[in-house]
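Two complexes, one shared chain (chain A), two partners (chain B, chain C).
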Partner chain A sequence: MAEWQDPHKLTEGEFLDQVHSFEFWFGTVEGYLHDRPYGFDAETEEIEMDDRRKDGLITTLCNYCIGETAALEASSGMIAFAPDRASKIFLSTQVADEGRHLEVLLHRLSMLGVRDPEREIEARANKSLLRFKERLLEFVDSRDWEAAVFAQNVILESLEFTVFRTHAQNADPITKQILQGIVIDERRHMGFGENDLGRRLILAPHTHDRLDRIKRELDSLVLTTFKQTLGELGLEGDEAPDLASDYLGAVARLGF
Partner chain B sequence: MTNFLSGYSIQKWLESCPQGYLEDTVYGHEAGEKEPEGLFDNELLREGQIRSTCNLVLGERAALAASSGLVNCAPDYKSKTFLATQTLDEARHVEIFTQRLFDLGVSPADLEDTLNEFGNPHLVKFAEVLLEKVDKGDFVAGVVGQNIVLEGMAFSVFEMLHAGAQEDNPKFAHTLSGTIADERRHVGFGENRIGALIKQYPEKKAECERMQAEMSGHMLATFASAFKEGEASNEEARRLQKEQGKESHAMYHGVDLAQADTAEMEAVLADTVLKEFKTRLGRIGLEYQSPIAA
Partner chain C sequence: MNDTLINQPAGEDRPRQMYVLEETGFKEVPKKFRRFYRKWGGPSDTLAPNEVLCPVCKIVIRSLQELRVGDKVYCMPCMSRLIVQEEGGRLVARVNY
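Our next item is the complex of A and B:
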C-alpha cells in the first residue's frame, strides 16, 4: 500500500485527498476484514437461542438491512452531485462499505433460517425507518448536498453507530463480530460528514438553521426507531441503554 | 439467478480483488515503479501519454457516474451489492489514472484544465448517451450500456495499451492489468444478469440496440481522432527506438503495434471491439446494430 505522508506536512486539500482515497480505505479495512468472511471469524460457534430471542434478532436484522439499503442507495446517488473528485472517491468507498454491510446482514439472516429475506424485510419493516429512508432519498433526488450529507453521514450514521455499538454489547458472538466491523466503518463515514459539514458551516453559517430544521423533523423518526429496536432486543424499562442521549450527543458535536 | 449472483458478492470481490491481485500494489502498480525516464526528456512523448491518460480518466469518470447511478434502480439486493463493488472499482480506476497524470507531471491544480484540453469530445458524447439512460433510472439499458458497451470498449482498449506498455513501461502495464481484471468481472456480470432481464422485458430490446448503435458510432469517432492525435507521438517513439537500436514487437490480435501504422492500429482495435460486442450482445439476446455515424 501507499506510504502516507506525515499529515502535518500536508495542506488541507492534500490531506483530504489522502484520507478520501481508495488507497487509504484499502489500508484501513484490510486490518479488520482479512480472514473474516461475511464479517466474522468462521471458527465462531453459534449459541443456542430460544424462539423469542431469535425472532427478535431477525426483526432487528431486517431493519438493519433497511437502514443499510437506505445508506447504499443514498451514498451511491450522492456521487453524481458530490462537489469534488475526492468526495466522489470517498463516497464510492462508502458505497462498497454499505453494500458489504447489507451483504453480511443478509448472510446472517440466512444463517438464522430466513429463506426469503426480501419478503421478510418487507414484513418486519419499521415504519419510522421506512419514512426516514424516504426523506433521505428525497434529499438525494433533489441533489441537495448539504441536506443529504447531514441526513446520511451525520444522522443515519449516528443512529446506526449508536444502535450497533449498543447491540454488540449484548449480542450473540457472531452478530457481535459483524456489528463491531460495521461500527468501525460507520465511524469513518460520520467523520466524513462532520468534516464536510463542519467546513461548510464555517463558510455559510446560515446553513445551520436549515439543517437544524431537518434534524428536528428526522429526530422523531430516529427516536421512534430506537424505541422499537430496544423492544425487539428485549432491552426495555430501566435497564434499557439511553440511546437517545448517545445519538443526540453524537449530533451535538456539530452544534445541533 | 441466485447462484450466479453469489459469484459476484462483496465477499468474493474482497478476496479476489483488494486481498487478491491488488495486494501489495500502490495505485495499481508495484511499489517503487516509475514512468520511464525518457518520457520526461521528450515533450512530444510525454504529451502523448498525458493525452491518452486523460481519456482513460474521462472514461472512468463516466463509468463511476453510471455504476453508482445504477445502484438505486437495481431490482434486487445482490445486483445492488455487485454494483457497489463496481462503483468502488471505477472510483479506483479514476484515482489511479489521475495519479498517473500527476506522475507524468500534471499538477493537481491543472488537472481539470488538462482534461478539458486533451479530453476527446466524442468520448464525452459516448458517455452522455449512457448517462441519459442511467438518469432515467433505466436499469436494463443502463447495464447494457455500461457493462457491455462501455466496459467492452474499455477492456479492449486496456488490453491494447497493456500490450504496448509491457516492454517499455512496466509501471503502466501493471496498472492496466488490475483494471483489465476488474473489467472482465464487470462484463461478466452484465452478460449474466442482463440476459435474464432481456427475456423478462423483451420490449426493451429495440431501445438497447439503438443505444448500442449510437454509442458505437461515438466510440469509432473517438478511436479515429485519438489515433490521429497520437500519430506524432507514436512516430517519435519509433524514431527514438530506431536511434537507440532497440527492437520491440508488441503484438495485439496479430498486429505488431511497434511496426503498424496508425490506420492499422485503429482498424484492429475497432474490429476487435465490434466483434466482442456482437458476441456479447448475442449472448444476452440482443442483435448487434451497425454503428450510427457520429
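Our next item is the complex of A and C:
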C-alpha cells in the first residue's frame, strides 16, 4: 500500500465517501488521541489553582457538559432522519465524539474535586444554554433536518470551536490538552454542517428565510452563554476574543 | 513551508512548479493524507505557492503543485471542497458547496 495518497485527486463523490466514513474517523482520531487516556498525556502534572480560578473552571466545564450533552442527544436522534447513508455514518462518528467529550469533561470535573457532577451541572447551568438545548431537541423531535443541522452543527459547533480554542490558550496544562482534542473533533462537525446546508440552500433556496428566523432566535442564546463563560474564566475586556468570528464567517458563507 | 521544489522554469506560460511534500507533524487526518495539510501559524504565516488557507477551519491545505486560480482542493479536516480564487493579489480558497 502506498505511503501517501493525494486527496486532491479524489473525485467529489470519493472525497465525501472518504470523509464521512468510520475508516477516516479511526485513522484521524488515532493521530491525536492515542496514548491520551481521558484526552491528555498522563504524565502531565496538575498545577496549583486558587479557589476562585478553580470555581470558575468548574462552572465553565459544567456548561461545556451541557453543550456536549445537547450535541450527543441531538446527533444520535438525527441519525434516524438523516437524508442518506453517508450522513448517518458520519453522525454515528459524531455521536462517538460527543460521548467522548462528555466523558473527558466529567473526568476533569472529578479531578477538580467535583463529587456529584449531575448536581453540580444542574446548579451551575446557564439558562440561555438550557433554552438552546431545549430548542435544538425540539427540532430533532420534529425530524426537521435543516433546522437541527443549522442549530447543532453550525451555531453550536462553530461557537464551541472558537470558545474551546480560546479557552485552551489560557487553560491549565491538563484542561488545555483536553480542549485541544475536542477542537479537532469540532472541525469535522462544523464542516459537515456548513457543507451539508450549503448544498441544501443551493437546491432549495426557500429554506433560507426559515433558517434565518432560527438563526435570529438561537445565536444570541449561545453567544450570551459563551460571553458569560469567558467572564468565568477571567477573559473579559481587552483580553476577550471575538467569539462570533468563526460563526459569523460560516453564516456569511451560507448567505445569511 | 519549504517543500522541495522540483522545477522552476521562467515565463508567464511556464508549467507549474512541482513540490515534494514532507510531513509537517499534522496528525488530524489519516496517515496517508497528513503531508497535504499543516497547522496555520496565524496572520504572520507566509503561505507557499502550493498552499492555501481553508476559510472554514483555518488549516493550511498543501498541494503537489503550485496552485492557480480555478484549482479545486479538498480540506479533509473539515470536509470542505474548495476552489482557489484571487483576492487582493493573493490566492484564497472559497468553499464550493
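Just so it is clear, the second predicted complex is superposed on the first by the 239 of 256 C-alpha atoms of A that agree within 3 Å, B and C clash if a C-alpha of one lies under 4 Å from a C-alpha of the other, contacts with A are read in each partner's own complex, and residues count from 1 in each chain.
The rule is short, and it goes like this: a residue touches a chain if its C-beta (ideal position, glycine included) is under 8 Å from a C-beta of that chain, and two chains touch if they have at least 3 such contacts.
The shown structure was predicted, so the numbers you read here are calculated from the model rather than taken from an experiment.
Engineer: Once the structures are superposed on A, label A:199 by its partner contacts, choosing first (chain B), second (chain C), both or neither.
Structural biologist: second
Engineer: First (chain B), second (chain C), both or neither: which does A:249 touch?
Structural biologist: A:249 sits against chain C, while chain B stays out of touch.
Engineer: Does the superposition put A:154 against chain B (first), chain C (second), both, or neither?
Structural biologist: Neither: A:154 stays clear of chain B and chain C.
Engineer: Which partner does A:191 contact after superposing on A: first (chain B), second (chain C), both, neither?
Structural biologist: second
Engineer: Given the touch rule stated above, what does A:19 touch, chain B (first), chain C (second), both, or neither?
Structural biologist: second
Engineer: Is A:112 touching anything from chain B or chain C once the two structures are fitted on A? First, second, both or neither.
Structural biologist: In the superposed model, A:112 contacts neither chain B nor chain C.
Engineer: So, does A:79 touch the first partner chain B, the second partner chain C, both, or neither?
Structural biologist: A:79 sits against chain B, while chain C stays out of touch.
Engineer: So which bits of chain A does chain B touch that chain C touches too?
Structural biologist: Overlap of chain B and chain C footprints on chain A: residues 2, 23, 26, 30.
Engineer: With touch defined as at the start, can you tell me which chain C residues reach chain A in the complex?
Structural biologist: Against chain A, the touching part of chain C is residues 21, 27-36, 55-57, 59, 63-64, 72-81, 95, 97.
Engineer: Which part of chain A faces chain C closely enough to touch in the complex?
Structural biologist: 2-8, 10, 12, 15-16, 18-20, 23-24, 26-28, 30-32, 184, 187-188, 190-192, 194-195, 198-199, 201-202, 249-250, 253
Engineer: Where on chain B is chain A touching in the complex?
Structural biologist: 9-11, 14-15, 18-19, 22, 24, 26-27, 64-65, 68-69, 71-72, 76-77, 80-81, 83-85, 87-88, 90-92, 94-95, 98, 108
Engineer: Contact residues on chain A for chain B in the complex?
Structural biologist: Residues 1-2, 13, 17, 21-23, 26, 29-30, 33-34, 37-38, 69, 72-73, 76-77, 79-80, 85, 88-89, 91-93, 95-96, 98-100, 102-103, 106, 117-118, 137.
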